[in-house]
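The data blocks that follow each hold one structure.
Presented sequentially are two complexes of chain A, the first with chain B as partner and the second with chain C.
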Partner chain A sequence: MNPSSFGRQIAALRRFAGVLLRHPQSALGTALVFFFLFVAVFGAQLAPYANPNDQSHAPRVSPTMDIGALQLGEHPFGTDRLGRDVYSRVILGAGSIFRIAGLGTLISVLVGSAVGLYMGYRGGWFDELLGRVIDALLAIPALLLALVLVGIIRNLDFEIGSWQAELADNVVLLVIAVLYVPVVARVARSSALDIKTREFVEAAEIRGEPTYYIIFREILPSVIPALVVEASLRFSYAIFLVASLGFLGFGARPPSPDWGLMVNENRGGFYQLTPWALDFPALAIAILVIAVNLMSDGIRRAVQKGN
Partner chain B sequence: MLKFLRRRFVFFVFTYLISSLMIFFLLRVLPGDPARVIAGGREATVEQVAQIRSELGLNAPVPQQYVNWLGSFLRGDWGKTIAFRGADNRELITQRSINSARLALVALLLSVPLSLVLGIIAGLRENKLPDVIISLLTLSVVSLPEFVTGLFLINIVALRWGRSELAGALGWWFPSSSAVPANASFGEMLPALWLPAFAATLVLLAYISRLTRAGVIEELKRDYVRTAALKGIPYRSVILRHVLRNALLPTVTVIAISITWLISGLVVIEYVFGFPGLGSLLIAAIERRDLLLVQAIVMVSVTVILFTNLFADLAYAALNPRIKLG
Partner chain C sequence: MTTPLLDVENLTISYRIGKRWIPAVRDFHLQLAPGHVVGLVGESGSGKSTVALALMRYLSSNGRVESGGRLAFAGEDLLSKSAAEMRSIWARRVKLVPQNAGAALNPSLKIGAQVIEVLYAAMGIGGAEAEQAVLGMFHDVNLVDPEKVADRYPHELSGGMQQRVVIAMALITNPELLILDEPTTGLDVTTEAVILDLVRGLMAERDTGVIYITHNLGVVAQLCERVLVLYAGEIMEEAPVDQLYAQPRHPYSLGLLNSVPRLGQSKADSRLHSISGNPPALAQLSSGCVFADRCEFVIDKCRVDKPPLEQLGDGRAVRCFRWEEVDASFLDPSVETSYQSSFHGDGEEQPGRQIDNEVGDKLMRVTDLKKHFPVAKSLGDWLRGKTPAPIRAVDGVNLTLGAGQTLGLVGESGSGKTTLSRLIIGLQERSGGQLELLGMDIRNSVRERSPDVLSKLQMVFQNPQNSLNPYLSVRQALRRPLVKLRDMTPAQAEAEVSELLRRVNLREDYADRFPDELSGGEKQRVVIARAFASDPDLIICDEPVSALDVSVQSAVLNLLARLQEEHGTAYLFISHDLAVVGYLSDVIAVMYLGQLFEVGAASDLFQPPYHPYTEALVSAIPVADPEHKAERMLLHDVLPSAQHLPSGCRFHTRCPRKIGAVCEEEAPPWREVDAGHAIRCHIPLEELSAQQRSFLRPEEIG
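And now, the complex of A and B:
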């Protein structure tokens, strides 16, 4: 990569960040997402009790947080009915939702773009057939498919410690990756269709460049803005899906400090006893989901302005 | 038009085949023996597994199994459930689908008019205060998972406010619980429908109103609006007779898409409220490893979605005089 093109990229990135942060809503959303990311990465250092399943505390303690006096107290978000510190559990739960949604989105974007770009560039019957199959796949709602897939894979018996068992432990991550590949592929395909008629692609063809070179070095750079927008949208849906699956009992297993699972474990009759054990993880989900949405809305706007 | 109909129909059949193939293969050919799963996992004896294999026709070649399965699905023979004490799958699904349809109906009746009004107001006042407030509200509501809004409604409305004197005075109209028998009539069910329907409404509202807003903004920029205004036609009739007529046309499609959304949204909402619909049945069926029931429920959902989309496309083509398809 030569220095001038590197400099241009930095300038474009700064312009993008400028547009993103100028809008108060998207600046707020982005800041919140980074705050949650910070909590997710440094959760073990931030949580007062490193073990989320430590039941040695008094059960059903109400939140000791005093916002006016800026004091957290011993159990800022209280303790649940089993005597676990809710504050520590919420902090430690941030890691898994980011890891699952983030990695799942990343895999689906990488695979989906490769498939979509190839479809769009190659065209013909291959594109036609795969395109129809993708349309058909998208007729089944993502949540239904996710539930069915997680339900099946969970019930398979694998030897403990085998690679299949390892995969089954990450089933939600895999399901998100699989579900979003066709969605990303469709976006990448339509962008590639638009780009491939440009002169620089024709020039590369005449030069006799191989297909992979044309797809990744000629078409891909022009498609990246559209892919960034799609990736941020997928990430927001993935967060939503991970939280919903956790809540429905199809995500992390107890006693993991998963936010959706915590909400489910403390609803109904338990809500009367320890409302804070439901309210705080639910609030965390709500704020994170809204923040990710505001951010991805901002990214879309910034990319559209950049073009 | 005829050509369009034919093409649309071919696509419908193709999509139906592909999605049914997916559903079939996911649940039958994935690693693990379905007969063993149905028989009860590791504890099942070899004889039990063998009996279920032959009952399900699992000894036939896989392509033939698929054809048999799709054929019996289309004929309405969906087998018996294991999870619900051997009830007939079709009866069970029919009853639960009716309940879900009631919930969806109340949700759509509440959300469609309200969201159209909100979307039109936001679109006509683009970037002014009403638009900013409506957009911010709908953006946050659309992004909240259904279980968060659902639990908020249960914990705040039903548990706190629901015990107040006012709620007591409203009596029948106020839901004290959403738990209703699955075979209740519509009238008996109605009190329990409000709260889950309201949870669904909140999300639909955000969705439909955002799309309506975008439609209105787009139409307002067109030349004919300026021409009409310059001709001296009053603002009110420019909006009512010209802009809205054009802006609301895509709403048909939007409502069809929102029905697709509603089907997965209802899974969560029914689970949260303990409402005896198709969605809560699906979760119970997956938890209890009732493969045949799961297959039938997903097939029914896909059928509803595909027919809704087909109908919406046809309605859009029929309503829009500018489109000459084919």
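And now, the complex of A and C:
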């Protein structure tokens, strides 16, 4: 990469950030996402009790937090019926949701854009065939497909410690990747269809460039803005899906501090006893999903301005 | 002039960019009497469309007319009118015909209904009365079969017909002022000629005042009485049209006139004049003359003080300190003489014009080249077991091209020029025929061709905007073909990049720029440099200058001519502009519906005998000389579909010289005029010559 193109990228990034942060909603969303990301990364240092499953506290303590006095107290979000500190559990749960939703989105964007760009550029029967497969996958409701996939993989018998078992533990991550590959592929394909008719792509063909060069060097850069927007949107859906699967009992297994799972464990009759044990993880899910949505709105705006 | 229809003085129009108001048009004047036509000439960015919108008070929300100016329409001050009052004026009295007629029509309404809607909104006329009025109007704008047209949707009409519908829509309320914003740009010359004739005829009948906006000096010469030349938002010169062309007083007008190639001018005779540099950015105008940086007459004073718009009497005005020194003697004389000599055909062979195809190095030979696009079967076709006829875009083309020659390919859009070029370059697979390059058989598509063949064939595209990858620097764009096709090491390629830039007259530091930091002309230079990087024998140029401004066009044409001389590269040059093709070509081929109808030396092609189709194309060119409003041979009907081709001679449905049944039944023979010049027509050559000489007298054109 030569210095001038590096400078341009810095300038473009700065412009992008400028537009993103100019709107108060998207600035707020971005700030919240980064706050959650910070919590996710440094969760172990931030949580007062490093072990989320430590049941040595008094059960059913109501939140000790006093916002007016800026004091957290011993159990800011209270403890649940088993005596676990809800505050620590919410903090430590952020890591897994970011890991699963983030990695799942990343995989789906990488695979999906490669598949979609190839489909769009190559066209013909390959595009036709894969296009039908994608249409079929998109016709199945996402949550239903996720439940089926999780159900199948969970019921397979693996040796403990084998890589297959490792895989089964990350089944939600895989499900997200599988679910969103067709969605991302469709976006990448339609952008590639537009770009491939531009003369600079024809100029590359006249030079006899191989397909991978044309796809990744000539077409991809122009498609990246659309992919960034799609990725941010997928990420917000992924978070929602992870929480939903956790709530339905198909995600993380007890006693892990998964937000969706925590909502599930404390609903029903237990809600009368310890409402805070449900309220705080639910609030965390809601804020994070809204924040990612606001941010992705801002990203879309910034990308459109940039073009 | 009693009460002028339009009286504009001291008009300044600004656009808000970020937080600043940038004056896009400054100090604009205009007087227009009813029944007169004023031309507004300028390149892109000169502010001509802004003026049109401001005159209608129809600027977008980020534009405004600054106070202090006057804008009076039929004695009424438009600037103080409310939006509601303006709406009633827009509805009846002032009309705009936009450039893109297709986008101006509602795609989901039938043509007739749309025009009736206008009539109803403006005058409250509806029902059968409105229908009659609309059909009458369609008849007036020469739409064949008005009832049928009224019953169609916009996408079912050709571009020329759409433009006529929009003109009918504008005229139906009998407006007092009609503003035409580049109404023929993007249309074929043959269609353009029809539209111009139409506008001229309609103006003569009605007392409508017309403002005609264009970048085409030929169109202005043919249509307008007075011309305003606009540059960077200021009037440079105002003059009656004949005086402007005979004796321009502003260096910019002079430059524009000199930079347009005239019909019959050739690269062998002279280089074209060009105006160097680029128009200034509106946000950073100097205090001096806006044209100073590109002016050949510039003195120190021009860079400091802004020259006033001086009135010279006779309705002339010019914004230049040195206008007295600018006169007709600066008009390129070589243009005139070469033009005449080639038209009179005085027999002197010009250098580089020999087109004896039997001798010399043959570079490329195309034999019976075909491209048929299959048409998908409809359900009805499946049930009846029929296969629909394919679209025969290219249908049996034979061509030979010598090394270092330029072959010009002309024809209306839809004639198959671009498909032919794509078959040769290999972007599309041919359905039949052979293609030989340097005696070697060339394979179908680029994917099957060897790097050796690839490096010999290159292409320059029409739209410089899309020809360069916006995410790659000029250096990256130029380095790739060097490494890929000439096996250079990175260090060698680096040195060659600088060399390539130097050859297309760009500074070395352009290597680190990105396409969005280049002007249109500069982009096209880079594209040309990229095409030359692999040291090709043949470059296909598909309308390489049609997207560029007039003042930049000539520089690019000169560059192409010079590079050809230096490298001995052959060009296949496609353009709808016959003067441009004529300038650069040694041989010209005329294409119609997938077949060639005439092939000949460039100098022979613009004089009789020619094929009736060539004749129509040549006569349709708006000549940039108001003295010569040549009688035109108009082609009225639209191009037939390439799927259902006419029998016999494909041109017979539109041919003004059709002789009878033989044209409908038999394919015409090739008739040889002389070596290398052949015409495909049933009419004997002697007869053609006789008729055409009487139609186009040399003194009338030249």
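Everything that follows uses one rule, which is that the second predicted complex is superposed on the first by the 307 of 307 C-alpha atoms of A that agree within 3 Å, B and C clash if a C-alpha of one lies under 4 Å from a C-alpha of the other, contacts with A are read in each partner's own complex, and residues count from 1 in each chain.
We adopt the following convention: contacts are C-beta pairs under 8 Å (C-beta built on N, C-alpha and C of every residue); 3 or more make two chains touch, one makes a residue touch a chain.
Note that the structure is a prediction, hence the values are computed from the model and not measured.
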Clash or fit (per the criteria above) of chain B with chain C on chain A: fit
Winner by number of chain A residues touched, once chain B and chain C are compared: B
Chain B versus chain C as contact partner of A:Pro275, first or second or both or neither: first
Which of chain B and chain C A:Phe35 touches, first, second, both or neither: neither
Partner chain in contact with A:Phe16 - chain B first, chain C second, else both or neither: neither
Which of chain B and chain C A:Ala136 touches, first, second, both or neither: first
Touched partner set for A:Arg8, first chain B, second chain C, both or neither: second
After fitting on chain A: smallest Cα gap, chain B-chain C, Å: 5
Residue ranges of chain A in contact with chain B within the complex: 25, 132-133, 135-137, 139-144, 147-149, 151-153, 155-157, 164, 236, 240, 243-244, 247-250, 260, 263, 267, 271-272, 275, 278, 282, 285-286, 289-290, 292-294, 297
Complex interface listing, chain C residues touching chain A: 425-427, 446-447, 449, 451, 454, 457-459, 461-463, 466-473, 475, 480-481, 484-485, 512-514, 527, 530, 534
Sites on chain B touched by chain A in the complex: 11, 14-19, 22-23, 26-27, 30-32, 37, 41-42, 136, 139-140, 142-148, 151-152, 154-155, 159, 260-261, 263-264, 267-268, 271-272, 282-283, 286-287, 289, 294, 298, 301-302, 305-306, 309
Touching residues on chain A, where the partner in the complex is chain C: 2, 4-5, 8, 198-200, 202-209, 217-218, 221-222
